[in-house]
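Got some structures for you, see below.
Each of the next two complexes has chain A plus one more chain, namely chain B in the first and chain C in the second.
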Partner chain A sequence: MNPLVSDAFVDFLVTDVLELDALLALPAFEGHSRAETIAPWLAACRRVAREVLFPDYRTMDAEPPRFENGRVSVHPRMKHAWKELCELGVIAAGRPVEVGGQQLPLTVATVSHAYLMAGNLAAYAFAGLTTGAAHLIEAFGTDALKARFLAKLYSGEWTGTMALTEPQAGSSLADVTSRAKPTKDGHYLISGAKIFISGGDQDLTDNIVHLVLARIDGAPPGTKGISLFAVPKKREQGSTLVPNDVHVSGVIHKIGWKGLPSLALSFGDEGDCHGWLVGPEHQGLKCMFQMMNEARIMVGVNATATASVAFHESLAYARERKQGRAHGASPASAPVPLVAHADVRRMLVRQKAIVEGSLALLGVTARFADLSEHATGDDERARARLLLDLLTPIAKTFPAEKGFEANALALQLHGGYGYSSEYLPEAWLRDQKLNTIHEGTTTIQGLDLLGRKVVAGAGAALQALGEEIEQDCARATFDVSALRAVLPSVSELVATLGMRGASGDVEGMLVHSADFMDLMSTTVVAWVWVKVTAALGARTDDFAKGLHATREYWFATELPRVPELVRRCQSGERSFRDFQDGWF
Partner chain B sequence: MNPLVSDAFVDFLVTDVLELDALLALPAFEGHSRAETIAPWLAACRRVAREVLFPDYRTMDAEPPRFENGRVSVHPRMKHAWKELCELGVIAAGRPVEVGGQQLPLTVATVSHAYLMAGNLAAYAFAGLTTGAAHLIEAFGTDALKARFLAKLYSGEWTGTMALTEPQAGSSLADVTSRAKPTKDGHYLISGAKIFISGGDQDLTDNIVHLVLARIDGAPPGTKGISLFAVPKKREQGSTLVPNDVHVSGVIHKIGWKGLPSLALSFGDEGDCHGWLVGPEHQGLKCMFQMMNEARIMVGVNATATASVAFHESLAYARERKQGRAHGASPASAPVPLVAHADVRRMLVRQKAIVEGSLALLGVTARFADLSEHATGDDERARARLLLDLLTPIAKTFPAEKGFEANALALQLHGGYGYSSEYLPEAWLRDQKLNTIHEGTTTIQGLDLLGRKVVAGAGAALQALGEEIEQDCARATFDVSALRAVLPSVSELVATLGMRGASGDVEGMLVHSADFMDLMSTTVVAWVWVKVTAALGARTDDFAKGLHATREYWFATELPRVPELVRRCQSGERSFRDFQDGWF
Partner chain C sequence: MPLKILVTAKRVEDSESKIKVNPAGTGIVLEGLKFKINPFDEIAIEEALRLTAKHGGEVVVVSIGGKEVVEQLRSPALAMGANRAIWVNHVGPMDQLGIAACLQKICEKEKPDLCILGKQAIDDDQGQVGSYLAEALGWSQATFASKEESLESEAEKSKAPAIKLSADGKSVTVVREVDGGLQTIEATLPAVATTELRLNQPRYASLPGIMKAKTKPLEEVTPASLGVDMTPHITVVKMTHPPARKAGIKVADVPALMDKLKNEARAI
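Right after this comes the complex of A and B.
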């Protein structure tokens, strides 16, 4: 039985690395204790993931939702999964008690959700999307809007979606053209076309609340003229729900996440689509970014979970499958398990480094999210916010990009069998690829990291990160000099690039944003591995040996790439910058 | 219309880089001339690839062969494709005139086949497999066997397969257990189970000839007790064909190459499966390796072709799709094409570097194959053989591993659309993954390269490679010092590792075979880019600028990784070598 995610690692991560008890000592979490609420919550997530979600994963992958007569039907087993997810209380797990939530630290919610995603990414996504939509209404909606939608969303009676992307605009939200026309009755009339709307229709619940970006008539062009609206599939008329002129105009045949429909939606074809403003006029994108920052972290967890379940599958296969012999062994001797071959162990250790490094990175990031909201000191909250903002694009991108590599290794380890749909790794490889695309492509994350995050506040975030790293290095009883050595060069690089941008050469500053993301991710994950293994203290059991060796692997194989990447970014190397279209 | 492969690059590669005229001056190719045979051949391949194969690619991907009542039916359109491939004469294109071939240089055949593979990898594979089987019979079969099978295979009246792998043995051919029992009538009775037999059944032709590895009763264990047999699906009885006790026992649902069935076959269930020995008893693996060496080059071409068609698709999309603006542009200005963004160009230049670097590498390798057979001097043939053997695992692995990365970039460039089966890049990404697995996994290629090829003949092959590289560096009018600088360290590394192995520490020699493959591939491809751009001479047109910039990209981003990889291999870094199973 695939464990989906390592319990031993998660328990150690939450308790020792992320110092759960210190977190629970904050006033916001006073209702929680490790034994009475956190451990039972983790156990419940593990049970639902392993006993409810995972057993139906393959059938939901093989039989995607159907679109007939304008309505989408999800896989029949999804109804069972949805009921269990709602009963678990996963939608509002991290939200306050006063809105019906469990007020769990995000640190715990993030790590526990990894099990559910690893069990069935698409099934979990209905819940994750609903959380995102509800949280926007909770944060920016009027009391009337909250009264109408919040409880129904957080309980899972209804689901929610994010309706941002338009066919002609893609990643460029500045080019959103959906319209909102004010009426005297307090609502707006919405019209426009959206695409890639995950969960945009389903037959699980009576209603769906879409959070839609649109322009109020007369709004300025670009991102500063976009507003956010709650647009239900059905609106209340007296005590009944009537259609709200929201239509499914097409289905996208995704190559993964197949349990979750991805739709083209059309709003207001009949001029009768009511929407309610969420947050101030023209500030929809700012509101949406709150959700998108959370969503980026969740994409990182998606990616980690998808790599994790495949890692455990390939580890089990490598232990079970006997093939070949040690160098020089007699052909008459018995074959050995795959794991006995060094290059197979390389592929397993590499997966472990990516999977557990990613999970730890996400835990660290989520902990800064908790502290940015709930730490008792103003300075501590502000500092945590800086670090959260800096780490978010990395925590989204590293697991997605390297997770894809890990998933490919898991398939590779299964040999010819891995290339067939009789085995599961191919499905997870397909699932994984979306994570470098949605919630901002890798390109966009790189531009965000280099163009905004590392230069924000005159480099205050980067300085805070350096302090965090040094703090963990100081605790380490092993050699961390390679990590310490790269930090000054990264700071110098950021100073150089910041000056390049300030002098007007913005393209010269940003041209190597992909390399910069690579070097920052590699460095940050090296730090995370230091943090994880420093927390082992004097332990020398097998678990500890595995973590130390994985850190050593990362230090030996990945960290040494950083100096060359720094040099390349510093030099502003121009091969592809100067490449003309006509040269291809 | 997707060109599949760049005509301009192929023409330049064949004529200028690979010096076609010098090759055609060899006696073996005296029947050919650039204008009268080679150019028409290339034109014919391009036509069949673009007008026959590619238009049916998606439908064959979507509707794989059916297995009913013990028989496999391929896609109906495959019959049309097969007829055209046979009429083109692709099966025997590189074989001598006296066996019905066109006696084309392998250099030309290799490059021209890339078009057919890019058009429809699975459809082409029926031909490629038939060539491999026929060539084995041509090389090692008795005259009677040749008379029976050769013309029918080379004409495409029948097809051929390779039946090596067994379910319990996988990559470990030493563990083959299929049996061959001699009879007094000159044939053997074959029994055993094989798996992953591509084209193992079809309804295209009347018969199929399987080349089967099996052990003659009483043979020694291991690889030195394996013999090779021709085992037809139907055998001749008088003037009719009767069943030969070969049965399809299962279908593998591959995730790509969907036009080509991959089957489990069962031989001799009824004790009546006749097979004929090909080559000497117990030397089947040695014979098979001739075919496998050719097959490895063909896998490299498969991988290159699959990356090429996706590269051209994403280039067209990047030129057509308008999205976003330059940094700081007014949101009221019109969006620009994707290709105007630097990071998009990075993804395109990277694909170009991989695709055209791979194609040039395969051309160079194929040219050594031609010279190893047909050069007029004994020394020249021997030297070409050394280089061919050294380059073969690289020419298989680099395009497969980096091609997968290129295919992922092509999908990424399509954004959310790329993640759907409404667009083609996802299909090519699936197709590509097989190339790191079949004909020897990447692990096996790495062990072959480091454990055999670079140390063979006391390093004679590596020395010859160094001479080739220096020869091209000497011709270059641009800075090649970075390439020259890495060569001595690679030689030193090989000496160190060779001594490590010779002293008995074979695992210590081979533990970083994956890193060694990486550094050798990266270096060899840097050389290939020098060779390509040196052949441009004084040209300064757009085509030349594109190639020079791509070489500069490779020198700036990939070649600098080599010194660190050399250090790692030298140090024998032990993180995953020492990793114990219990530590995961």
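Right after this comes the complex of A and C.
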């Protein structure tokens, strides 16, 4: 049976690499302890993922939701999965006790939710989206709004969505045109069209709360005039729920996440769509951005989980499937398992490096998120915040981009069977692709990293990262010179590009943002592998050998690409920059 | 009528673990193994929770072993919803007679209306404790409790208990799994029931349940404090893996196959 994610790695990561006990010593997490709450919680997630979610993955992938008579019906098995996810308590797990949550550290949620996502990404997504919507109302809504929506969302009685994207605007939220007209009664009348709304309609729950970006009449243009609204599918009238003029205008036929309907929605076709302002007027994007690190970390986990389940599937296949013989072996000898072939092991080690490297990177990033909120010292919180902001675009993009490569390797390893839909790797490959697109595409992440994060605070974040890296290098008992060697050139590069931007050549600064993301990711993941293997101490068992060998693989095959990428960014290499549209 | 129900939670090796016999052949290698609650006991807890949800009452869960069994008592047992736990702290060998004796003493003190135990534990598959306990207490016993409805049925989805309490609260009706079918019996309370796999689909421990379990009462006792001598009456003489399956062979023709089936395998 596919374990979805390695228990041994997760247990080691949480306990030894991320030093959970030290995190749980913070006053915010006083209700938790490793033995009494975290270990049982991980055990519960593993069971629900393996026994409830994963068995229904294939059928949910094969039979997507149906759109009939203006309503969307999800796969019948989703009802069972939803009930179990709600009972498990996953929606409010990370929220404070006051709102019905359990104050689970994000560090723990990151790894525990990875099992649920690996089991059935689309099924988990209903819960993830509901948490996101509820969290916005919790953080920015009025008390009346919280009373109306929060308990119902956190219990899973209703679900939530993020309704940001519009057909004409895509990633460019500055061009959002949905409108909100104030009324005397305190609510706004919402009108407009949204697209790619995941979970935008379903027959799991009585109601859905959409978090909608729209412009209040007379608002300034661009991102400074966008406000956030809670817009339920049905609104309360007395003690009943009546339709709130929210309509499904179409379903998106997509290649992955097939259990989760993705819809085009129209609001206020009949002029009767009530919405309630969340947060201050015109501050909608600012509110959204405050949730962004967490949302992007979770997309990184989506990607890691999707690569992880495929890695374990291909590992089991490579051990079981017998094909070919060692060089020079007699043709009459028995065939050997695939894993006995060196190139098959290359494909497995590469997947392991990406999957476990990603999970560790996300764990490290989530830990900074926990510290940025709950550390007791102001300086410690501020430093954690800097590192969180810097690492988030990498923790979103590396698992998504390299995860796609890992998923392709898992498929490749299955040979012709991998290319057939009888086997699951092709489904995970399809699921994975979304992660480079949603919650900020790879392009957006690259621009965010180079244009904002590394140059913020006059390089303070980069300096803090350097200190973190050096700290782990210093306690390593193995050769880390290759990592130390690339660090000065990365700092120099950032200084050069920063000056290029400051001198007015912004395009020249950002033209290689994708390469910059690549070199930063490769370096940061090399650091993460140092951190992971340094935590092994003197261990020499197979588990430890496997992790050390994976780090060596990353150092030998990936780190050497960094100097070339640095040169490319530094020189501002012009081949595609100068390429004219007409030349295609 | 509220019911007081006593259930058990044995810590067993996780069936996903690779079990190896130790070199001396006296037991299995415990290093690196994962442990969990006996799945039959989990079903017992679920049934008890359904009964007390319907009739009111209390569920007390018992485990015997070293301090590690507290893990299974807290989660899933208390996290699923059991009200309190009793941990019989005992390190060292034990057999079914010692276990049943501990449970007997606890029952004499706690005076439950009903004990529900797994019909067996998945580690040593002895399947004897339930019957020993009923005998020791002089209570009626209803082993192999199952139900007529399937695990996909509406009755199961509604989480209705399959063990039915009579209107006067003096007996329970239990559907037993027997060779080739089901048998319905009525057992006078107090009684001991043991669970089959088809009795119910146990709930999962939830995060709110796990958090609540931390503060639920957990009482520690010892066999000595219960007045029980745990010296085993049974000694494990030898433990071996099942013989490995031998590779197949190709036979020349059908007559050769027939010959082997007849004279070697004696299958025809």
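Assume the second predicted complex is superposed on the first by the 584 of 584 C-alpha atoms of A that agree within 3 Å, B and C clash if a C-alpha of one lies under 4 Å from a C-alpha of the other, contacts with A are read in each partner's own complex, and residues count from 1 in each chain.
Rule of thumb we're sticking to: a contact is a pair of C-beta atoms (placed from the backbone, for glycine too) under 8 Å apart; a residue touches a chain by one contact, two chains touch by 3 or more.
Predicted model only: the values in this text are computed from it and were never measured.
**Q** Any idea whether chain B or chain C touches more of chain A?
**A** Touched residues of chain A are more numerous for B.
**Q** For A:542, select first, second, both or neither according to whether it touches chain B, chain C, the two together, or no partner.
**A** After superposing on A, A:542 lies in contact with chain B but is clear of chain C.
**Q** Applying the document's definition of touch, where does A:41 land relative to chain B and chain C: first, second, both, or neither?
**A** So A:41 only meets chain C here.
**Q** Of the two partner chains, chain B (first) and chain C (second), which one does A:568 touch, if any: first, second, both, or neither?
**A** In the superposition, A:568 contacts chain B only.
**Q** Could you say whether A:422 touches chain B, chain C, both of them, or neither, answering first, second, both or neither?
**A** Only chain B; A:422 stays clear of chain C.
**Q** Of the partners chain B and chain C, which touch A:377 in the superposed model: first, second, both, neither?
**A** Neither partner.
**Q** Which residues would you name on chain A as touching chain B in one complex and chain C in the other?
**A** The answer is that chain A has no such residue.
**Q** Give the list of chain C residues in touch with chain A in this complex.
**A** The contact residues of chain C facing chain A are 16, 34, 36, 71, 74-76, 79, 203-211, 213-214.
**Q** Name, in rising order, each residue of chain B that touches chain A in their complex.
**A** Residue positions touching the partner: 165, 169-172, 174-175, 195-196, 221-223, 252-256, 262, 315, 319, 321, 323-328, 330-332, 335, 339, 341-346, 348-350, 352, 404, 408, 411-412, 415-416, 418-422, 426, 429-430, 433-434, 436-438, 441-443, 446-447, 506-507, 510-511, 513-514, 542-543, 545-546, 549-550, 552-553, 556-557, 560-561, 564, 567-568, 573, 575-584.
**Q** Can you list the residues on chain A that touch chain C in the complex?
**A** So the residues of chain A in touch with chain C come to 1, 7, 31, 35-37, 39-41, 43-44, 47-48, 52, 84, 87-90, 93, 102, 104.
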